[in-house]
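Letters A, B and C mark the chains as written, and numbering starts fresh at 1 in each.
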Amino acid sequence: MEAKAIMQTVLKRYNIYLVLLLLFIVATILNPNFLTAANMTNVARQLAVTTILAFGATILIIGGMLDLSAGSVLALSGVVAAQVFVDTQSLFLSMFSGILVGMACNFVNAVMVASFRAPPFIATLAMMTMARGAALLYTNGQNVLQLGRFSEFGQGSDPFFGIPYPIIYLFVLFLLTWYLLRHTRFGRSIYAIGGNEEAARASGINVVQSKYMAYLINGAFVGIAGVLFMSRINVGQPNGAIGYEFHALTAAIIGGTSFSGGIGTAAGTLAGAFIVGFLNNIMNLTGVSSFIQQIVRGAIIALAVIYDIWMKNRKTKSVLGSIENKDGSDKGTNRTIENGTTTDTDSGTKIDT
Amino acid sequence: MGQEIKLRVSNIEKSFPGVKALQNVDFIVKKGTVHVLCGENGAGKSTLMKIINGIYQPDKGQIYIDEKPVKISNPIQARNLGISMIFQEMNFVSEMSVEENIFLGRLPVNKFGKVDWKYVREHTLQLLKDENLPYPPDLQLKMLTISDIQMLEIIKAISYKSDIIIMDEPTSAITQKEVEKLFEKIEALKAQGACVIYISHKLDEIFRIADDITVFRDGMVVSTGPASETDINTVIAQMVGRKLSGDFPKEEAEIGEKLLEVDDFTQPGVFSDISFDLRRGEIIGFAGLMGAGRTEVMRAIFGLDSFERGKVKCRGQRITIKNVRESINNGLVMLSEDRRRYGIIPVRSVKENATLSSLKKIIRGGFLNAKREAELVGELFSKMRVKTPTIETAIQALSGGNQQKVILSKWMMCEPDILILDEPTRGIDVGAKYEIYKLMSEMAKGGKGIIMVSSELPELIGMCDRIYVMHKGRISGEIARKDFSQERIMYYATGTENNAIS
Amino acid sequence: MKMKLILAVVLVVALLAGCATTPAPAPAAPATPAQDAPAQDAPEAPPTDGEVFRVAYIARAQADAFAAWLANAVLEEAANYPNIEVTVFDGQASDSVVNTHIENAIVNQFDVIIVQPHNGEAQRPFVEQAVAAGIHTITTNARIDGIPGSSSVDADPFEQAAVNARVAIDQIPEGANVVVLNGPPGNFHADERRRAWQAEFFDARPDVTIVGEQIANWNIDEAMSFMEDWMIANDRIDAIISMNDNMALGALEAVRGTAFEGLLAYGVDGTAEAVLSIQAGEMTQTTLQSAYDLAELLLQTSYRLLMGLDTEIHVDVGNPIVTIDNVEDFIELHRRAGAIS
């Protein structure tokens, strides 16, 4: 009984990593080129931009928010960074300006969502259009070319171990996200806000401030992703990265971030991104056609969401069951949870409703 | 007229898991009369009405209309049988027009499925004219006052040609003038031969309209009969007549200096001139009917809602109430009445729920001290007797009582001086209630001041040192422990002028 | 709750998009039948001095680098025609927006409407409507075939790819491994270019093996990822055959610094990036689709239609090949366009 319960807990908590492991094993068997240092580096490099966006998205979704403008803001940050590099030849200024633009756009998102209480879906949809327009206006619709050393961000490697920079960024931002969510008051606040905003406020959490923080962090991540994206393709492309916000959402959701808020981890999102990445990679290595690839990707998302909902329902029930067995005295009130409504049928003297 | 029996309820029983909501309920409603139902909350009135309206199915028993047995499986069937119900909490779409509201769910359509708006308009106009209501049929509901809408609900019920109309606390949201209008309407309905089942806590008003009165207590009918054969005092006694069940673990605590002084606290239209104080070691109670403004006062003191004026002193120091964080820093915390809405973060662990308001204690130097967090929570949980499989369990998986104890632990972790507990035992079972009472006593003994807002009179009487009673946004009375009685609280709470009680 | 809201919004957006792309029930409305158009033209045809003709240029999307270049080239070329005034409208890469612009241009009685379709079939009824309203219409890049009374200026997409393929037959070695990058399926240019490579190259070279073929949707980043994966899966890749320059450049970006460097790479379009890449010795060759040439022909065509010299014109621009030998000319061309500094 105990062993079975532990097994269940392990399965529940680590299922996403088990899926990743399984996929990894299957891919290794399917194609000898899969498990090579070159290919692993390759996958990580390809995933860097989406995964960095996904970390931002994870923080927001946990807090009950959303950023649909990520792809557009990425493009805007990226072309600004590219242009700044062309004008100044400074890698530092270029990265700095990219991050700044990302944060500025997300500051506007935060104003709409946190201060004016606009629904994040609509507010960031507006920003998505505005940022894309700004990117095109800034470049006059033309690509920014002749980027020179700017491509080092996305294509270079560190001089000591030869680790590609995008992978270093990916790892550093993973650690940062993990740290923010796990070790800071901001992290705890954002979980609480996503889980129940009113209760968070009533617990003394500064909801508005936390939401601003979340968007600004997301903005910095989007800015960095923009620089990496443009430098990887070696062109400042104002109409690049269309739809990347959805790649990011996909990684976050597959990684177990709950769209109802309050649940999600940095490691889960990383795993989610790699599940998508490995899947694409193995399909490319084995020459699966584009059409089938799209179907598979969609099916994976659908499965992840259904699994999330199914697990949530089951979890509530099974834990309830175990408490009821342990603690008979609480039996009577468990219906509160199962029914989803508070039925005040306890005997007691009350004079109002 | 007046003697024919319209509705007969016979031997109805209904159980919810763990609780018998109704037992052996019999009563009759005669044609052309107003039948008033009294009883405390949880006494079973609303459950019975929901059975008559087809929302619940009885476990046992039979309903007869015109002495013919009927089976009512849903509200539409109830409507077809001539029963309509005006709910206490009205559900309406504020963007909807008057005529749309009246014909909601039964818009007449022609054979192509097109709504016959001409018919709707004509009939609405006729109804409005009959009732002397001055507004046009295409006016949106949001332009009307609550009492206008209440009147609409009533004419809607009439438009169904219902002859049994159930009104659940219809006067809770309307002004005195509108109450008069409503009573006129009820008289008119009676004259047309319809019968009205009227649920209300306002004892002074029910005697004005009641032909018959039935008193409920603990899911049973205590008394039923003509209004002329009873009086207010008898009804109150019947309502609360049950002897207090069980003892309250009230312990004598040393009463110390003033912790909280509230003076002239006012938010127009919600509460006004609220002045009270709380001392160390004291448990004070706030009693009152729904809408009396108790929760609103407390939320404003805690910094959740705004207020217009008033002075608040904490340990003798004047404080400004800015937000919840400030209140916590001032040593003031509040457990909300609505645990699901303002209390728990359902998907997060009990540990995180417990430490949510004291993050500074566990996050030091930029890093979370997970070990310290677990220790703190463990200590507190054993003190508060929280039962949870692990501290990582999601709080939604716990029982109501244990959830409440986790939230109490959250507030205890802030080491407050003053605890406002708004309905601390709502929705939790008897065993857990006792535990909460015990914790309150221990806290008071530990030198904290507790404000307990509750609608359960026995627990207020059992636990408090003093009780303030609120009525319509004002404190209508303050009662010392030696003078506690349910009747006395009820008199203040209902705003009944009665000098017989000393 | 949140989910519900999101769903609702998605549905509404989808619905609106659906409504907008449904062809309006318009053809019945115009009072003037198509054949009356020339007659109606007659009174306004003689060019009186000082009279200015208004031309609506409806671009597929200003966000598309080539479309933006073409729109700029059209404006530049129009400066040479004192009695022609061009207004550019941005189709925002959306059928509904392009169609709305056409409708508005009809209502505003422009003298010529030039349409760069986002999707030829979606715009067809609207162009027909413009013809029916007696307005000169020209479709370009790509042309919409078979609308009587409508003129067109275009490059032949089959020919654009075919000229590359014919050269590649001699350049790609015996028994080569090649990878193919395709545009979005269903796109006229994407499909025609791929058909040209099939007919002119693959059918003639059964010794060549396609070791990877994917749809990269004209995008650099997608093509780059595909190429990275193909380099893992294959020891040898001799050539990149791409249906546009963007994707070829993405693949070349992946190749840089690896053992695969120096392979052959073919694109189409002759964009500034591609020309620079050819100059740097990375890309092998591309075909120029010159926005200047298109713009010149568009204005010529507009003029002839307005002057009543012709009633319907169909004309193609040439397909010059860009290689390392003649790349300087094309760099000059892009410098003029401001794409290269």
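In this section, a residue touches a chain if its C-beta (ideal position, glycine included) is under 8 Å from a C-beta of that chain, and two chains touch if they have at least 3 such contacts.
Values in this document were obtained by computation on a predicted structure and should not be read as measured data.
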| item | value |
| --- | --- |
| For chain C, the least number of touch steps when starting out from chain B | 2 |
| Chain nearest the global centroid, as defined over all protein CA atoms shown | A |
| Chain pair with the greatest number of C-beta contact pairs | A-B |
| For chain B paired with chain C, centre-to-centre distance based on mean C-alpha positions, whole Å | 68 |
| For chain A paired with chain C, centre-to-centre distance based on mean C-alpha positions, whole Å | 36 |
| Whole-Å gap separating chain A and chain B, where each centre is the average of the chain's CA atoms | 42 |
| Junction residues of chain A - those touching two or more other chains | 260-261 |
| In chain B, residues with contacts to at least two other chains | none |
| Residues within chain C bordering two or more other chains | none |
| Interfacial residue positions of chain A with respect to chain C in the complex | 31, 33, 36, 38-39, 42, 45-46, 64, 119, 121-122, 132, 136, 140-143, 145-146, 155, 229, 232-235, 237-241, 259-261, 280-281, 284-287, 289-290 |
| Of chain B, residues touching chain A in the complex | 16-19, 21, 40-42, 46, 88, 169, 201, 218, 240, 242, 245, 287-291, 302, 304, 323-325, 327-328, 334, 336, 339-348, 352, 355-357, 359-360, 363, 366-368, 387, 389, 393-394, 396-402, 410, 425-433, 455-459, 486, 490, 493 |
| Residue numbers on chain C that touch chain A, as the complex places them | 2-3, 5-6, 9, 61-65, 67-69, 182, 211-212, 214-215, 219-221, 224-226, 228-230, 232-233, 249-250, 253, 256-257, 271-273, 276, 338-341 |
| Chain B-touching residues of chain A, taken from the complex the two chains share | 182-185, 188-189, 191-192, 195-196, 198-206, 258, 260-263, 315-316, 319-320, 322-323, 326-327, 329-337, 342-353 |
